[in-house]
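Look at the two complexes coming up: chain A is in both, with chain B in one and chain C in the other.
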Partner chain A sequence: MFSQQGLSLEQAPPIFVVLRFFFAGSLFGVMAGIALLFYREEIFDPSSVAAVTFTHILTLGVMLSFMFGALFQMLPVIAGVVLSTPVQKANFVQYPMIVGTLMLLWAFNFDAQSWIYAVAALLLGLSILYASGIMLQALIKLPNHSASSKGMTAALAALSIAVLLALYLVLIRGGYLDGSHYLAAKEAHYSLALFGWIGVLIISISFQVIEMFYVTPPYPPAASRTLAFVILGLLVLFGILAFVYPQLRPLKESLMALLLIVYALITLRRLSQRKRPITDATVWFWRIGMGSLVLSMLMLVARQFVSTEWIVGTSAIFYAAFALSVVFAMFYKIVPFLTWFHLNSQGYFAAPMMHEVIHPKIAKRHLWIHLATLVCLLLSQAFAPLTLVAALLMIFSFGQMSYLILHARRVYIKTQKEGERFDMGA
Partner chain B sequence: MTISSYMKNQHRECDTHFAKSEEEAAKSNWEAAIAAFETFADVTLTHFKREEEELFPTFEEITGNAMGPTRVMRFEHEQVKGLIGKMAHALDDQDKDAYLSLSESMMILLQQHNMKEEQMLYAMCENLIPPELKEKTLEAMKQIVL
Partner chain C sequence: MKKILLDARDLEHPKPLERAIEILRTLDEESYLYMVHRKNPIPLIELAKSQGFGVRTHESNTNEWHILISKNSQIVLDEYLDV
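Presenting the complex of A and B:
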């Protein structure tokens, strides 16, 4: 009956697909740390090359890699979406994305000729639109939607629009188009990427995983059914309006702040209602993430009244802390669980336990390093040399994550080679 | 009572016993941990039996599909049963690290399994099975003991 090793596994892509996305994400994290070593406090000036470069290492390099990895994994298992030939699809997405990101960063920094922008844009545009295209196509065909799968659809739609806008921006920067709508397009690009893609994706993922990992009551349906599409709808609406009424931006940002704060508070509440009283590091990563989101959004609102460089910078730091905290929280669950799950599904009696893949102590130590990085970055706005410490901490923690992925891979291969295996009956 | 609510309640009941066992084990209260774990295992296995002997066959008959969702569910039941055995061993050995590690896998496995059932399978059952047959299946499930 289980001639193909059981359906759970048939549905899930090979573990290496996920690990490879995560590995690329971690290496880009190391790169972000190195970039910070060079740029130092320059990153706090939003109009600087340093800020644009640093932001794109984090968003394109780190976040997109982790999020695509998570989606490739989660869509089949949780949303029931089957992607055929996942390895091939992952290759088509990942390699152009990496090369494109590196070329774009180069172009930002070294007064590049326009063809470098063009090639970077082509590689990134095609790979990201291809990935979101196949995922959207599979999602739209789903007969039974959950709040989570609907939210993922909204997030991928936001990503696609953000990428199209980015292509437009690149064409302007490369001198192919005139720049009369540059500012409105740039503004829409940022909001769709940060709120529509990263924000909505994290929101939709939490509808599933908070309940699943921590055994909490589900999110209130009023929130889980509406939040994702309301955010997407508002962003698109304001994005279009901005071409005519650029002065509406404070209203848009205040609405985003309101919605995201509501989400963060519900999540914090759910975490406190969890049935499993045991608290591991990942619970705290979520809490730090949600706390950071609230603070980031409060700063975003404050910025409408007193726009100082400090407020803008702090809001950005907290938003990055929000996104990265959630990535870390997911990482320390997903990597050990998948390693165990795949091997166990294949019938290996000695499938390594989750603690043997990544011990919770390591996650706990990372938690402290993460907090220290956050504090250093916040303080470095006043005392610049602290960026150096933050940079080193970032290099260390992402370096360690890269190592942990390699370790998981080694454990996996070793079990497959040496482990005793049950015949699951063919 | 609907099939869906009847089954969901059992999922929640399993969670409660499981969380209790995990909490006691974390505090090295082995006797209490074992007691809660045994209840968890009983409730879970009875629930599986209700699904495998009554609900799934009805679903398969109505949809004419024995290779689809119910096959995944049965396979995951086997995985859960395997973990129950390993966890019982860890409890016997009072091996806290192993127990907590296994319980982590168990919780994720079971939660994603339950969510798939609640969001897809049970929902499909409610929509597809005719009312009388639903009533009959529910009654039959209530009769099942381990």
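Presenting the complex of A and C:
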């Protein structure tokens, strides 16, 4: 997909590798909705089990699944990285990651026995470090780097450090280590995972796809060449300093806010410079994502002056909206395209058109559901019963995505079984 | 030879690929696809080559790609390059 670097779709993994990561991410999204149904407004207390559980369902279950699925697909074709035996590698990553995530969530909520933490840490640590390790190894070997491949390298490095810190935290929670550096490690873990991994990965992918999908001018080279590593460098620097000077946290958060706001504003500007001003739902998902990022970062700065539960909660909700909006935008581009193009490249005459795999109207409907979920979550901080509506919308939102993936799979298999292969006769 | 022009410079991904494949399916021995694009569409080129088409690509000084594809792979497509 999106090949510009001289490599082809043939070097990309089989379509089902991508679809099954997306499917797992969608099911975890349904789980997040169910968790919200049970926890309700408890999730707004950052120190609660509810908040920790809800955050990890979204970050480990939803985001990591979608992002690994996207990376398995995009690394070969965007960055020119060839991953051999992708199915086997996906197996090594996905199954332990799912079991490890479920065990960790169980340990948070029901049974904090040390062995459950240890097994969860082992499964998650090994699978995520293995995935980021093979991807990093291949990326580092690249002779020529694009802004996207550099950014992906920075994001995967951030993920690896975040996971190592998470292992340390889990070992403390499991009673294997004393907790003398718990708070500094927790702070560095959150920052690297949220800004370094999720933030930088989205940034680096956008350097490639915004221009290509929406026919915009490219990002300014000063931003695309440096932003990812500046963010990673600052996070690592402040992460180390935090063990000695924890009072530097406001400075770190303000710098992050500044960089991410600049990025979001450039992206919004680029989206307004499209050569063909036809707007589909995915453009609006990007706009909502970037708008949410700006608002989240403004709240993060405001937190330095007026730290209320509302501001902290609102900042977190907007950051989640940023990440999920971009995931949804990419989902509606990737799934129909992959289904259509894999079948075409195999020569099926009756390969369904992209709109027959997922109709644009469905993406538009999802956009409204997503917006409604965001509004309900924001308002539920003042009017708690709205968490119920937000939870139901979230379940519907991810439930529909799960269905769409199954539908794409069904269409794909049906065409392969019954479809007539065309021979262009050349 | 009949030239079927596809100016994909302002088309959003994946429209260029979609339209080019539609044209390839209807191409006859007396016609060729002339595509102008802002990128080098590797998946399209590989698909065309795998189907036995003749393919010629050229990047112009203005960083635009000219892609010529004919059903008859014996045709010297260089002759039809318009840069």
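In the analysis below, the second predicted complex is superposed on the first by the 412 of 426 C-alpha atoms of A that agree within 3 Å, B and C clash if a C-alpha of one lies under 4 Å from a C-alpha of the other, contacts with A are read in each partner's own complex, and residues count from 1 in each chain.
Here is the rule we go by: contacts are C-beta pairs under 8 Å (C-beta built on N, C-alpha and C of every residue); 3 or more make two chains touch, one makes a residue touch a chain.
Predicted, not measured: the structure shown is a model, and the values here were computed from it.
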{"item": "Which superposed partner A:355 touches (first chain B, second chain C, both, neither)", "value": "first"}
{"item": "Partner chain in contact with A:276 - chain B first, chain C second, else both or neither", "value": "both"}
{"item": "Partner chain in contact with A:309 - chain B first, chain C second, else both or neither", "value": "neither"}
{"item": "First (chain B), second (chain C), both or neither touched by A:144", "value": "first"}
{"item": "First, second, both or neither for A:212, with chain B first and chain C second", "value": "both"}
{"item": "Which of chain B and chain C A:341 touches, first, second, both or neither", "value": "both"}
{"item": "Shared chain A surface residues [contacts with chain B and with chain C]", "value": "1-2, 6-8, 212-213, 215, 275-276, 278, 337, 340-341, 344-345, 353-354"}
{"item": "Interface residues, chain C side, partner chain A - complex", "value": "10-14, 17-18, 21, 24-25, 27, 38-43, 46-47, 50-54, 71-73"}
{"item": "Residue numbers on chain A that touch chain B, as the complex places them", "value": "1-2, 6-8, 11, 77-78, 80, 144, 146, 208, 211-213, 215, 275-278, 333, 336-337, 340-341, 344-345, 353-356"}
{"item": "Touching residues on chain B, where the partner in the complex is chain A", "value": "15-16, 19, 22-23, 26, 71-72, 75-76, 79, 82, 97-98, 100-102, 104-105, 107-109, 111-112, 115-116, 119-120, 123-124"}
{"item": "Parts of chain A lying in touch with chain C, wherever the complex brings them together", "value": "1-4, 6-10, 212-215, 274-276, 278, 337, 340-341, 344-345, 347, 353-354, 422-426"}
